[in-house]
């Protein structure tokens, strides 16, 4: 009986094999393929035909001194800063909602925390750019609070124009866009921590800060890392956020480069090769997250 | 040297979880809170530990008011029902946790942790994680973690609740041994009557947030004040009766008993093991005829159920000591309810 | 008319869960599988129900080999420990579930469902969902759902395991009543010795996938074949001894007992309630002096622990019937181990 | 035990920050003027009355809305049955191949959208040219990255349900497909509802895959429309479009809530 | 395995056009089509037959592929009403993007807007179809004679001209401060430190690099010299630091809104800005425009019919409609701001009648300008690659 039911998995597995595995193989085939004289990619499906020329060029590009190296470094920096900021915002929020909020306010907060999932990312980003535009409310508020001068003073803002190709604006955009995706896994992992463990720590003499540091923080580690990976992975493939928040080449990310190659410009083979490199770079994070996910669903 | 709970009150919204509880617990006493689920045992303990804010009353320990202190500043420690071990720390780290907050040298920490683990016979498991321990072992880690701090008062919330019967009995003995060795005050919560009777110096039986009766196990068992206490501690026959003119009447039979000035409807309480089964027709005071309705073989004793003429069912424990007469369904018998074992309670 | 298990074997990977189990269960018998956690009780039941594939052996019901049929084609039904009620169906729908697969008319379905629910006294709850029932009520729905199919054999896997003590006792009586009324074969799994003793016609005690002993409750209790069985069914004193020249020696004392041709090291087994406490110095056969080490008050009896000169500790249950002498720690006493109650077992 | 004061402050400031911009954008949808950065009167111009630019009169806007909903609907229709069956199958499938399948099932969750979109794009413009770009490709894309979520949600519920009820049903005489129909699927109801909601949310949220799989005006979704307009010269009609989209998806959510109110755990799928 | 470096297989120069056209002999583009120059007209090879004249395909949707904001919605509506179709416009951001999308072969557009330098690619990849000029009578009747059969598409075989433009600088007088583009020309961008973040170049490989080439005084906008292109690329990259330059084509919205101060723009954008995008309280005279009169780009955009057009006849009618003087005028002055090459429309007069703001009179393209202007035209395969790489180096940051 059990064996027969395994058949139910067949359509889904076939679907994923055809449209996920084969699709990824298409990236390999194109990235290790060639192009025609009119810039059409010629995929090499047979591994024996693989041409690593584009891959080598992409590699050369992203290595120090290469054309894409600065973009790579910038992307890395953006993602790291955005993830740190997201944690700084998301962790306290998730912590508060999971451990302190009760009854109706907890229900309301949970609804408000999921609400962004029901508003498309692009719409949120668009709304946010409107506010940051000159004369927009957010810009006014930030300027009134003299945050612009503060950021300028520490070199994070150049001039008072938030949307004028500013690193800080892109990072703020990334944070704005991705925090909701971080908060939910964080919330889930914090919510799982048994209240009695904290009580036990207090009982044994730990102050509330001590209990947080020695019990809550270590126990939420896996959830936190999972959440970080969950937002960092898509950030590496993001191109629309910098497009909307800045539009300057100065703030372009790796996603923009790939998008330019594959959608905007002529060199799909190079784009596919860059995609391969990106995937290879992210593989470690992907595997880590998969492991956590499986561990969690096994528990 | 004692822990005094003075008119404690705790409310959760509309629920009055602890309703005017006053208790005085002596130093070195093994004191148990016993009662059915939801009667407020845990809440009382949590008030002492400081996890909940008092809605009324006072808590003093050796004369110091501790009710206003946060949990980590109270000289009491807790062993939680679920143990609440830190899953990310080894056994030794768990046990050492609280010592970080005492001004204790490193070597002293190591020594005390080692001692505490020996005390609970866990020395060989120091490096394991809690997840790799059995229930009984976890329980002992929780105990060691609290004991290592040498608190004057240890609170234990159903520490054996999650264990299976055999292990529970072993650990009862061990807990008692440790308590007596260290001369620590134990405030012990359980809903298991056997456990309460076996281990405690004194037991407070709680119901609906109030203390029904607080006394030594023997007194609670022999002289329960209420039907609730009688029923909760061991099994008991509660036979509907009336008291008139200082005598107890069950159906058409009059029994001698200490009616304690009561009149009107009452319950005649007698423990099954105090009921004597005698051959039908045996005469004498406090003898009532009846018919055996069922005999249940229970290993070392038999449970004989006798239907009286009044309709009441009396359970009678007959020891299986190889000497007693065997009874079977339908036999007419005589039930002897000795006067000194009969108690008259409110219906 | 009987269920025959013939050399059943079940492996999970490396674990040999059921190890060559052969049993013959008669029609209408209340048959119990008893044993500690992990001994293979559930696995055996699941082999009979058809949820697991046999790794060896045969199962026949009234001569038919049923081992190869899928569960829905076997004429046995199961009451699960967790009840496994369908949460999305009402009580009546749950009970009616299996009738859909029998060729039974609509009116017949209604009648039988009604009857089954009356049998378990749930008629008034027909429209409730399982989630709205108490544990005991859910248990009865599970029972009705299986009984309504009138299976020749009903399998019950710790059906009372999740209930509290008081409710469990009530339902034991009820289950037994139903089994006797309907004359169905019950194969009942439990790890609770009292339950096994109270209800069963025969009990198979299992250990590590094997049947240790299979017999009537009284025989198991009075004449256990192994120390394991003795210990698992009720408490017992297992006193290290040696057999030489047909006599049993405990320390320097020689006891009379049926040594059954055994020689060398042995265990002298005696139930605590069969041990007699006599004043120090009492003479006669099978009397051993000792010293009271502890007295535990247990409500309707006392547990007196006596240390013999041989170092062995003997537990002695003294009924609390208001007549026995009271003992206290340190008293010298004499322990009487009646020859007819002594059994000599493998160490 | 006491709680730090600043935590609720941060929390509510965050909530305001995350949602206020959207509320303000909704406000500007009702602007009388063309500005998207400050309030200018109040009118339905961008929804209804503007003869060429309003959502009603600009065919590309209304079409984007319709297309987003159609995509979400098709994705739900395909991904939920596929994912549910896959979850049940994987749950039963012990032995050879199951380990690989479990990993394959999870891979789409951790693959950056861009990588996945590039892959599908190259696939549909080469080996799978017979599928090509367009609505079909978009639906395939959305279904592919949704399946894994459905599997996660449904499997979680399966684990919760346990084997007992299935075995009970078989024990009572139900053949396998009857077990599926009468016991398993009804019990999976809340998980299926949660999956439907999740797939809907994923689909309307998606931009990259829709954009890579698109083939023209017919296949423009609301996020695509927002992206391209935002980089050209958007009018408050874009806000109006987004507002309608938001109202529709909230309505879908509310409807689901009403239907599954009694089983709040059905929404917990979203709380992964 | 093999490690071929990525090069297009066709050699850049010389050789015979693979399409076998009689004009072959000079340099060819990647598809083997000869490179048209003002002094070297090219007849594009005919791929397939033009659509037969016949009843227009009524009903359904006419699919149009165009830049955003490059067609007056009212004109579209009017056409739709008149012809009984609904017109659906898909927009692209850059012509390269448009070509990439089209080359997937899955975009079945009826009318495709493009520029002459993309024509050989579109023909070489068979993405557009030959026209039936009988269906576009306005071409002969209303359009400037010099673009009736232009050098880039003699005949014409595939295209009908749409609008004229110059490429220049648009700016806000009130925000630009001391900077004077009229004096500095293209160099203004490199002097725009004060305008950091409020400066943009066009998101178009040819225009963007062209700006940097012209800054260095180069007038051959179709140069394939690697050194020149690399320097142009570096010059642009320098702009990132100097002015935090953006890459955008929406100056027509951001300049009037005041969000940008100085953009590289197409002339029509400035008029478009005044016509459609001035916020309340701002008047057109805050805007100025400069373009390089000698050697700067002065050219036109054109329209084609997609190879898989579902409504080819209707597509012809649409193009014809846009060349109808009243329609062209309405499209021009009421929306797009790009001037159509229609004989009956006297752009200068429109300024005199104050239909258009006087200060932007230099946005008009005169016939002399057009005749003397420069243009971005198709390149060889190698050339194309060099331009793309140079642009990519800047564009990818």
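Which chain is which? They are A, B, C, D and E, in the order written, and residues in each are numbered from 1.
The rule is simple: contacts are C-beta pairs under 8 Å (C-beta built on N, C-alpha and C of every residue); 3 or more make two chains touch, one makes a residue touch a chain.
According to UniProt, the chain labels map to these proteins: A, D = ABC transporter permease; B, C = Spermidine/putrescine import ATP-binding protein PotA.
None of these values were measured; they are calculated from a predicted model.
J.: Tell me which chains count as touching both chain A (ABC transporter permease) and chain C.
T.: Touches both chain A (ABC transporter permease) and chain C: B, D.
J.: Which chain lies the greatest distance away from chain B when centres are computed from Cα atoms alone?
T.: E
J.: Find the two chains joined by the most C-beta pairs in contact, please.
T.: Per chain pair, the contact count peaks at A-D.
J.: As a multiple of 5 degrees, what angle does the CA superposition of chain B onto its copy chain C give?
T.: Superposing the C-alpha atoms of chain B on chain C needs a rotation of 175 degrees.
J.: In angstrom, rounded to a whole number, how far apart do the mean CA points of chain C and chain D (ABC transporter permease) lie?
T.: Distance between chain centres, rounded to whole Å: 55 Å.
J.: For chain A (ABC transporter permease) and chain D (ABC transporter permease), let me know how many angstrom lie between their CA-based centres, rounded off.
T.: Whole-Å distance between the two chain centres: 18.
J.: What is the distance in Å between the mean C-alpha positions of chain B and chain E?
T.: 91
J.: Among the residues of chain D (ABC transporter permease), which are close enough to touch at least two other chains?
T.: Within chain D (ABC transporter permease), the residues that touch at least two other chains are 1-2, 170, 231.
J.: Among the residues of chain B, which ones contact at least 2 other chains?
T.: Within chain B, residues 50-51, 70-71 contact more than one other chain.
J.: Residue numbers in chain A (ABC transporter permease) touching 2 or more other chains?
T.: Residues 1, 133-135, 199, 202, 208, 247, 262-263, 268.
J.: Applying the document's contact rule, which stretches of chain C touch chain B when the two form their complex?
T.: Listed in rising order, the residues are 37, 193-194, 197-198, 217-218, 221, 233-234, 271-274, 296-301, 317, 319-322, 338, 340-341.
J.: Spell out the part of chain E that touches chain D (ABC transporter permease) in their complex, as residue ranges.
T.: Residues in contact with chain D (ABC transporter permease): 61, 63-65, 68-69, 73-74, 77, 86-91, 93, 101, 104-109, 248-250, 252-253, 276-277, 279-280.
J.: Any idea which chain B residues touch chain A (ABC transporter permease) in the complex?
T.: 49-51, 70-72, 76-78, 80, 82, 84-88, 97-98, 100-102, 145-146, 149
J.: Hey, which residues of chain D (ABC transporter permease) end up touching chain A (ABC transporter permease) in the complex?
T.: Those in contact with chain A (ABC transporter permease) are residues 1-4, 6-8, 10-11, 14-15, 17-19, 21-22, 24-25, 28, 36-38, 82-83, 85-86, 88-90, 92-94, 101-116, 118-123, 126-128, 140-141, 143-144, 147, 151-152, 155-156, 159, 170, 176, 201, 204-208, 211-212, 222-223, 226-227, 230-231, 234, 238, 242, 245-246, 249-250, 253, 270-272.
J.: Enumerate the contact residues on chain A (ABC transporter permease) facing chain B in the complex.
T.: Spelled out, the residues of chain A (ABC transporter permease) in touch with chain B are 194, 196-197, 199-208, 210, 214-215, 218-219.
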